[in-house]
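Some notes on the structure that comes next.
Chains: A, B, C and D, in written order; residue numbering restarts at 1 for each.
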Amino acid sequence: MNTTETKNEATNTTSIDTSDELVTSADPHHPANLIPELCKGFYHLGWVTGTGGGISIRDDEKVYIAPSGVQKEKIHPSHIFVLPYPQEEPPLASKAHERTFLRKPVIPLKESACTPLFWAAFDLRNAYACIHTHSQHAVMATLLWPGKEWRVSGLEMIKGVRWGGVRKTMTYLDELVVPIIENTPEEEDLRHTMVEAMKEYPDAAAVLVRRHGVYVWGPTWESAKTQAECLDYLFELSVKMKQAGVDTDWRPTQG
Amino acid sequence: MNTTETKNEATNTTSIDTSDELVTSADPHHPANLIPELCKGFYHLGWVTGTGGGISIRDDEKVYIAPSGVQKEKIHPSHIFVLPYPQEEPPLASKAHERTFLRKPVIPLKESACTPLFWAAFDLRNAYACIHTHSQHAVMATLLWPGKEWRVSGLEMIKGVRWGGVRKTMTYLDELVVPIIENTPEEEDLRHTMVEAMKEYPDAAAVLVRRHGVYVWGPTWESAKTQAECLDYLFELSVKMKQAGVDTDWRPTQG
Amino acid sequence: MNTTETKNEATNTTSIDTSDELVTSADPHHPANLIPELCKGFYHLGWVTGTGGGISIRDDEKVYIAPSGVQKEKIHPSHIFVLPYPQEEPPLASKAHERTFLRKPVIPLKESACTPLFWAAFDLRNAYACIHTHSQHAVMATLLWPGKEWRVSGLEMIKGVRWGGVRKTMTYLDELVVPIIENTPEEEDLRHTMVEAMKEYPDAAAVLVRRHGVYVWGPTWESAKTQAECLDYLFELSVKMKQAGVDTDWRPTQG
Amino acid sequence: MNTTETKNEATNTTSIDTSDELVTSADPHHPANLIPELCKGFYHLGWVTGTGGGISIRDDEKVYIAPSGVQKEKIHPSHIFVLPYPQEEPPLASKAHERTFLRKPVIPLKESACTPLFWAAFDLRNAYACIHTHSQHAVMATLLWPGKEWRVSGLEMIKGVRWGGVRKTMTYLDELVVPIIENTPEEEDLRHTMVEAMKEYPDAAAVLVRRHGVYVWGPTWESAKTQAECLDYLFELSVKMKQAGVDTDWRPTQG
């Protein structure tokens, strides 16, 4: 796992590969090409404006992650971080730079603050991609569902979501439940409650963060993306329904 | 009709053409080129996010259909299925693979689950294109019109819709009525009630599916698309009107 | 004025120029290039979906008009009609084909049904461009302002609108008034009431058509387009304000 | 500072450089290339429709400003004005053409009416970019917060905004306060109250103008843009929250 670097020290500068080899490919489906393209699409959906949100893709034994605090619609492949997988997340109190990297951008950037959250999806769900959005539809859902869960049923779009985000797709007869965790001042500090929520809700395909956004994952980047679209559609529709006085808990019965 | 294949058996692998010949053309108006381009446009209208929805085009004795469960904004012509027309839809209890194909993608894909619904529009209305959307405007219309019909009148955009979807265009004086059928767990199972609704409402240009979306068709792909646009506009506007307390049943009178 | 044609007869086929000469130019600002490009932009604003709406541009002694009933985001320069200006509009009861043309598309298309309305803006306001949209914001404005006028004041965007659509720009202190006429079954039949409204409201930059849309014009295509944008913004904002209980009649006073 | 011109007189025509040298560059990050590209993006966000709004970028000792009254999505680098920085703004009663320019477009254009407002951000905050939008979300925020401040707290997106627009980023625990000033008939006349508001609110990252829009700035164009996105997101979300009866003043507490 440490073939291209030695354990990076607090100085964070010794021996990390900053060449573009791991992020250069003519294949449009290479994660270093996909992340910029997908983030651009997310920007135009209003999911990652103002540098927030993004996507991480896992490919064999590598994880590709975008930088923190950059315009997500203008990422260049050379900005992408590559980390070996698996590796243990640093303890909460530690510094992010105690992570192990296979490759870092040569310009001074920090990996996304969502890294420990993406990692939770890889570790607990065996996901290969995880998306974080600041979609206003997700935020409004957390405000109009003040408890610890957002629930809907009886909507066709539920069929596009997978049990636990990675198993078989749900049916029209199933109730979709997404746990809602409370926001924390530091994104990293969401890790503990997100892990707890994922364990308490093993069937959940996502975790909503109140006043913040949502994390969605899948067995492939395509699946993570289409599930994120279905969930965002359902967050938006459920808010409209609630505001129009339409029951969001209506349950269909087997034909 | 069976020139390029023998009747496909339950194994579904014998003798089906998987070459790209039937879906390769330099003509941008070839159905195998139109379907990807139109679906991309529908994606940006919010009609087919999360792999849902799509369009099928009939051209002489062939029907072109997109695969099920793929990102509709990223369809490649080589993903398109070609079926001979006419052919009887398999009975409801049968498997989809009992259909006859002229061409299938070489990669393992299944034809759209909307196939029997598209077929209903071809058979009952002699349509040459049929569009299915998951537009939230259509879904909201089915929730705010809880009965078996959505109705509006007195709106200019009605003039863009055709009687029965395929005959002459309606006038500003006409009331537009679209039947609403109840959703079913399996898309295929909508066929029976959709056919019944189309027979009960011979003048209807579309069928709404409650909590799900809408099917719209036309004598050409251009007409199906522009009618889908007019109807979606009217679903959206009628929801806004109802929420603003504006009468959606106001009837104009002849000048 | 009749250099390239003889008076066209009821048969409408004799001697009309159908060559592409008058609609072929490498200049992106040639009206035959501008109309397709602008209509594409209008489509993505939701102004001309479902074939409705469009723009006509007048250039010296020629008027360029798009066809009726086509997808407005896919117009080709060769689809454009060219008419000599000035010419009298045919009397209301007459057929549209009694107009004089300098050039018609070779494929069987009819000039936009908005032609007599565009002409009103050219004749009464000496406009050089006229835009017609089916924007839902315009329609909602006509539904929430049930009288014969839509009025707003105290909004910065008013400064982007011209007195009468063609004179000097309005100020922040001015009240913006747009007359609303009732819709008619045939678009052509709007001409009489639109002309009356334009005469009754010489300062109005546009005419709203209830349950239908709006006509906006300007001394140039740039001005018609930016005024249409300002007005659409104001229709949308005024509807939001009214629905939020905010006074739309608030009047600023001189510094 | 006056190397390429002599002090321009009331005639405003003597010796001003109108060559394209200062606005021609192959570097996409040159301000004369950035301004057109960014304004195009702002247009599609609904921030600068109808010629309103824009961005000014300061680069070393030069300030780049777009013209007034042009379609902001169609600016050409040759339309950009270049002014030396620093220079004193002309007194309020004076004419705009008493400013000093390094370069003017050869076609008759006037620099943006926002110039004295952009200048305030450069002078008072040492900003290097300033954005002005007519976003309806900003306007609605000024209408639903009728006092002299718009305030929100407890929303993740606050973390994308900087103290004073140029210092360190805010935290999730901080309350975001933006002063609201009253609109004036002439944009230039906003300068006095905007300067006062910036002095009274040294921590504010923006100034809202009631019934008009917002001014946002940053230490770089990237920062001004992402802060403008965060603020616009928060204006929109806060309006939705207020209309849904959700408390916009909820304060999170430390861990």
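Basically, contacts are C-beta pairs under 8 Å (C-beta built on N, C-alpha and C of every residue); 3 or more make two chains touch, one makes a residue touch a chain.
In this text, all values refer to a predicted model and were calculated from it rather than measured experimentally.
Asker: Based on which chains touch which, give the shortest step count from chain B to chain D.
Answerer: 2
Asker: Considering chain A as a copy of chain D, what rotation angle in degrees (nearest 5) results from a C-alpha superposition of the former onto the latter?
Answerer: For the C-alpha superposition of chain A onto chain D, the angle is 90 degrees.
Asker: Give a one-word verdict, same or different, on whether chain B and chain C use largely identical residue numbers at their interface, taking over half shared as same.
Answerer: Because under half of the interface numbers appear in both copies, chain C and chain B meet with different residues.
Asker: Please tell me the distance, in whole Å, between the geometric centres of chain A and chain B computed from their C-alpha atoms.
Answerer: Distance between chain centres: 33 Å.
Asker: Residues touching two or more other chains, restricted to chain D: which are they?
Answerer: none
Asker: Which of line, ring, star, complete or other matches the graph of chains that touch?
Answerer: ring
Asker: Sort out which chains touch which and give me every pair.
Answerer: A-B, A-D, B-C, C-D
Asker: Across the complex, what residues on chain B touch chain A?
Answerer: Result: residues 46, 49-52, 71, 134, 136, 139-140, 143-144, 183-185, 189, 209, 211-213, 243 of chain B touch chain A.
Asker: Inside the complex, what are the residues of chain C that reach chain D?
Answerer: By the definition above, chain C touches chain D via 154-157, 160, 171-173, 222, 225-227, 229-230, 232-233, 236-237, 240-241, 244, 246, 252, 254-255.
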